[in-house]
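First comes the structure, then the notes that go with it.
The first chain written gets the first letter, and so on, giving A, B, C and D; residue counts start at 1 in each chain.
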Amino acid sequence: MNNTTNNRYSVILGNLGNTCDRFLSSGYKEALPKNEMVRQAAAIPGIEGIELVGSWDIREDNVAEVAGLLQEHRLTCVSIIPDLFSQKRWGNGSFGAKDPEIRAQALEETRSVARIAQSMGCPLINLWLGQDGYDYPLTADYRRQRTDLMEGIRVVASEFPDLRFALEYKPKEPRTHSFQARAADTLLMAIETGLENVGVCIDVGHSLMAGENVAESAVLLQHHGKKLFHMHFNDNYRTWDDDMIVGSLHTVEYFELLFWLRESGYAGWYSMDQYPYREDGAAAVSESVAFLQSVEKLLTPQRFEELRELIAKGDATASTRWMRTLMFDRA
Amino acid sequence: MNNTTNNRYSVILGNLGNTCDRFLSSGYKEALPKNEMVRQAAAIPGIEGIELVGSWDIREDNVAEVAGLLQEHRLTCVSIIPDLFSQKRWGNGSFGAKDPEIRAQALEETRSVARIAQSMGCPLINLWLGQDGYDYPLTADYRRQRTDLMEGIRVVASEFPDLRFALEYKPKEPRTHSFQARAADTLLMAIETGLENVGVCIDVGHSLMAGENVAESAVLLQHHGKKLFHMHFNDNYRTWDDDMIVGSLHTVEYFELLFWLRESGYAGWYSMDQYPYREDGAAAVSESVAFLQSVEKLLTPQRFEELRELIAKGDATASTRWMRTLMFDRA
Amino acid sequence: MNNTTNNRYSVILGNLGNTCDRFLSSGYKEALPKNEMVRQAAAIPGIEGIELVGSWDIREDNVAEVAGLLQEHRLTCVSIIPDLFSQKRWGNGSFGAKDPEIRAQALEETRSVARIAQSMGCPLINLWLGQDGYDYPLTADYRRQRTDLMEGIRVVASEFPDLRFALEYKPKEPRTHSFQARAADTLLMAIETGLENVGVCIDVGHSLMAGENVAESAVLLQHHGKKLFHMHFNDNYRTWDDDMIVGSLHTVEYFELLFWLRESGYAGWYSMDQYPYREDGAAAVSESVAFLQSVEKLLTPQRFEELRELIAKGDATASTRWMRTLMFDRA
Amino acid sequence: MNNTTNNRYSVILGNLGNTCDRFLSSGYKEALPKNEMVRQAAAIPGIEGIELVGSWDIREDNVAEVAGLLQEHRLTCVSIIPDLFSQKRWGNGSFGAKDPEIRAQALEETRSVARIAQSMGCPLINLWLGQDGYDYPLTADYRRQRTDLMEGIRVVASEFPDLRFALEYKPKEPRTHSFQARAADTLLMAIETGLENVGVCIDVGHSLMAGENVAESAVLLQHHGKKLFHMHFNDNYRTWDDDMIVGSLHTVEYFELLFWLRESGYAGWYSMDQYPYREDGAAAVSESVAFLQSVEKLLTPQRFEELRELIAKGDATASTRWMRTLMFDRA
């Protein structure tokens, strides 16, 4: 357990752009050109990496251009997220769709993104299969569709053994139920592929929304073969994916999470994933990174040792007092 | 308590059109021309009324055209919903915005819709103030903004005493917190205006999402001066506004709700308000009406009397047995 | 708005005793004698007041003894909570029971507690009507039982105009639905009595569990005639009344709540109400008071002014940064 | 897939007795003698089996007596649930306690129950480890305690290879977080033991409370090596373990669940697990069995085929119409 390494922070590029919802589909702000978004991202203190979304940000026809843009701003491409959710054809799913033709297209789309990743030296494909799920009782085949989903991932991940594939779970939205809904069921699917290069991505907001203790989910994934491949950060009120500024609501929980990420040997990026609908995007992301850096700074080797002792002891009053003193009463 | 009157069913016109969410902003289906949507609505068995949304469906410049279209299909205009949520200017609220200029615009927009309603003989303005709320701690002035909101409604409702204004509450979305969040707080605001023509609209899904027992909320509103002015119907999993087909999930609760709506003297429309993202709109709305009609048909005078006795007795096993027998074991 | 007055802290006596749940009905700890509980309460730094529960802690036959005990430890009796929930006869409700005989007993029990309060100089009766609600659909008469409930409160409160009656709401437990479930519906009932001396008690955990923003609920109650009569403090995970140490989970929310309590002129006690099942009771309560005192200390006049400006501005990033800096990065 | 076998119904004996909660620890009803409870259970139409709780119902010193009682009423002992939750010593956990002495006692207690099961010919031990979890952040060692828990189960299950051990998960209560919280994480633990005779028990209410689609969880468990060993039935409002009469709230969901239990080859008992706090126990359990039998009866081979087609098609409107017609409009 090395607890002195510095965390590396990144951001999903789209966080800097316009954001819409179903009531205001044109978005709450104005769209920015891609190079301006990259410039703003690079200017955020602490940000060293970028996540791109396929088709929105990057396609086979603009790889050189985007790669150049990132290089110019000394940004690493941390992951690419295939667009398997924002087109009409994916409306009823991608890898887990009932239509075999759609499943074939999902495979093709992911292969394309994987090739892009290889060509850019990007080591991770982050799969968020938001449309793969169901809405109503008596409409989904939980056996068949789950198996199809797993098979699709197995096929593409086995074709690109030099890339890692992180499965990002979320209990609902846009479907009322996702097939990859929680940490443990998604881990089961990753294990079922039998492949070393398939793991899980925790989006903190998705985990809160699923009723999980995020730190416990991280430990669970690491316990089963270091399967925590990636982390997305944001905050919410625990009932929905509000995609708010990191630490705007959960403080103790974030403190515990950052302790356990290090304690369990998580070595990936700390990536921001927000929807600053009504906020200045760069400012909101900047504040998120600042929150995580504040916590990181307070997690000194001595406090790390104190936390280990508190956890071993398990005295709720003592742990609460320690945290309160740190936040509100420290010298 | 007249329990023999027939219910009157209506639908929000947009239910027949395209529907989008934040991930697929172009929508899951193709948009339909307005006259085709009206035609489809009129063809749904049981539908006699239509609700229109300002700016989307109706503006001062197309009143005659739309009125003609409805007349042609023998549809009544049941209510108009001012568009105080789908434009960038409302992003931080309408009647409760911090910016006085925006509050003035909200007033003007609602007056315009009220004039349209008068000219069409439509008796109800349904106010869903979805953007009036807040997202983060320490960003909203709960006293000032709530008072501004109430004042705006008081001004416009007092200018149009021949129209009724129904306040449609919802706990969250698009904000993480709405000012008009639940039945009782919205009723308090309606009462605070001191106006006879201000009441409340229950959207069943919003009420479920707020953790309410919908039937109890209806009774509460009726108890305080017959303030239940309007009803929107749909269904969901209780954690989010899934806007599903009526009765696709809640059966007992719907049975109880329809009993109490009649028992408490609700005399308004039974209006469908769904988001059939991936379904055929007309079919989904049609099924919703059919569900409500099925329940209505089973609520015979004799069963009505039986229910009164069950409720007076309060024996959980007896009530459950009655409902189970009706659904699964009736002769 | 006086923002320099010191808060006054109290505790419900039972917090120091044994606590059970439905699986371990003998309790997780050993019971303590009453005088030991009082001694421990008095020893908690900051505690000046005590809340007593009728029948558990105080009855007409032990008033002098208990009053003497409190006096000995210089503790004020802040409120008495009639026992309308922990006896078999209340199993189906008290003031709102269907059985008129039970309603009469509830009245009698509350009169007895009111006389005790008068004799001890205790100014507040806190009514938590936990058994008044329902469990199943089609078993409750929402009109009749709610009216009976209100009438019972009206009768007893009008008989004791020198006492204040605070209605403590809670969405569920021990019933699946309480009649006094949320701030606004309980306020409506207080208003319906037409009595100055009937108001509302916010239990922070009950409010969180109801999906409320506690600060907003406090402001709502104060806005409608200063109806926030009392406050109970604890913490939970928002889905259940976990009755945990104050501030063990919610920090930003508590900070905002304490700001608004003062800003809205709340002048009552800050009373601890926890269930330290597995913790040392005195230590757990002590930590709760320390948390509130820490926040109180940080709410200096200057920070108070800064918060007013942040709230007026409503910039989520700025508010979040202010809070983060205070907690984790202050000089 | 055999879809003609009849379901076998059983009940946990304690369902017929007194039930308490933390506010009314003496219980809402009167306690019944054990032989009266057994007599009542045997009289419920459809009930053929009984589940017993260790120490409450059965101990090494009364095995012969209890076995005789069951035999007299022709009841099969379906499972025994070791009492690892209702004594002070288990207050901080059993197999996952931090104290090694307590872990040793948990092992001993379970061995004792396993021997009883063997002597009675009871094939299943149902492990509900309700106290194994944690309440506060920074108090639990998610790695160490989870591993200890798994090890304890592995040890005892390997010692009794002729018995099956079903792990019953629940997200919270009595702890704010259980280690065995959801279907997938509990399945992971069962798999981790590497033993054929360790599987999972779904309590329908626990699964609903965890935000799961129960049918999907059942399929998941069956998909991974037929690991669904046992089923507990009850109902709730999805936020808490209300332990209500089966089908009193969820109808469509229960219909789908019973379809999938058969479709996925579940061959275990259908066991009632309720807390009829204020109801007559025998009547409430009887109604639960009647609900399940009603659904079973309607699931004819023809309807079974229709459901397979609906699920394959995945048309939400068609599935909803089918269900509505069956419940409310069938000939």
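By our rule, contacts are C-beta pairs under 8 Å (C-beta built on N, C-alpha and C of every residue); 3 or more make two chains touch, one makes a residue touch a chain.
As the structure is a prediction and not an experimental result, all values here were calculated from the model.
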| message | Going by the touch criterion stated earlier, list every chain that contacts chain B and also contacts chain C. | response | A, D
| remark: Chain centres computed over CA atoms; the one at greatest distance from chain B is chain D
| remark: Chain centres from averaged Cα atoms put chain B and chain D apart, in whole Å, by 40
| request: State, to the nearest whole Å, the distance from the C-alpha centre of chain A to the C-alpha centre of chain B. | output: 36
| Residues of chain C that touch two or more other chains: which are they? | 92, 135-137, 211, 237, 239, 244-245, 248-249, 252-253, 278, 315-316, 320, 323
| message | Looking at the complex, which residues from chain C come into contact with chain B? | response | 92, 98, 134-143, 146-147, 171, 177, 182-185, 187-188, 210-211, 213, 215-216, 219-220, 223-224, 252-253, 255-256, 259-260, 264, 307, 310-312, 314-316, 319-320, 322-323
| message | Applying the document's contact rule, which stretches of chain A touch chain C when the two form their complex? | response | 211, 237-239, 244-245, 247-249, 251-253, 278-280, 283-284, 286-287, 290-291, 294-295, 297-298, 315-317, 320-321, 323-324, 327-329
| request: Please name which positions on chain B make contact with chain A in the complex. | output: 19-29, 85-88, 90-92, 130-131, 135-137, 172-174, 176, 236-237, 239-240, 242, 244-245, 248-249, 275, 277-278
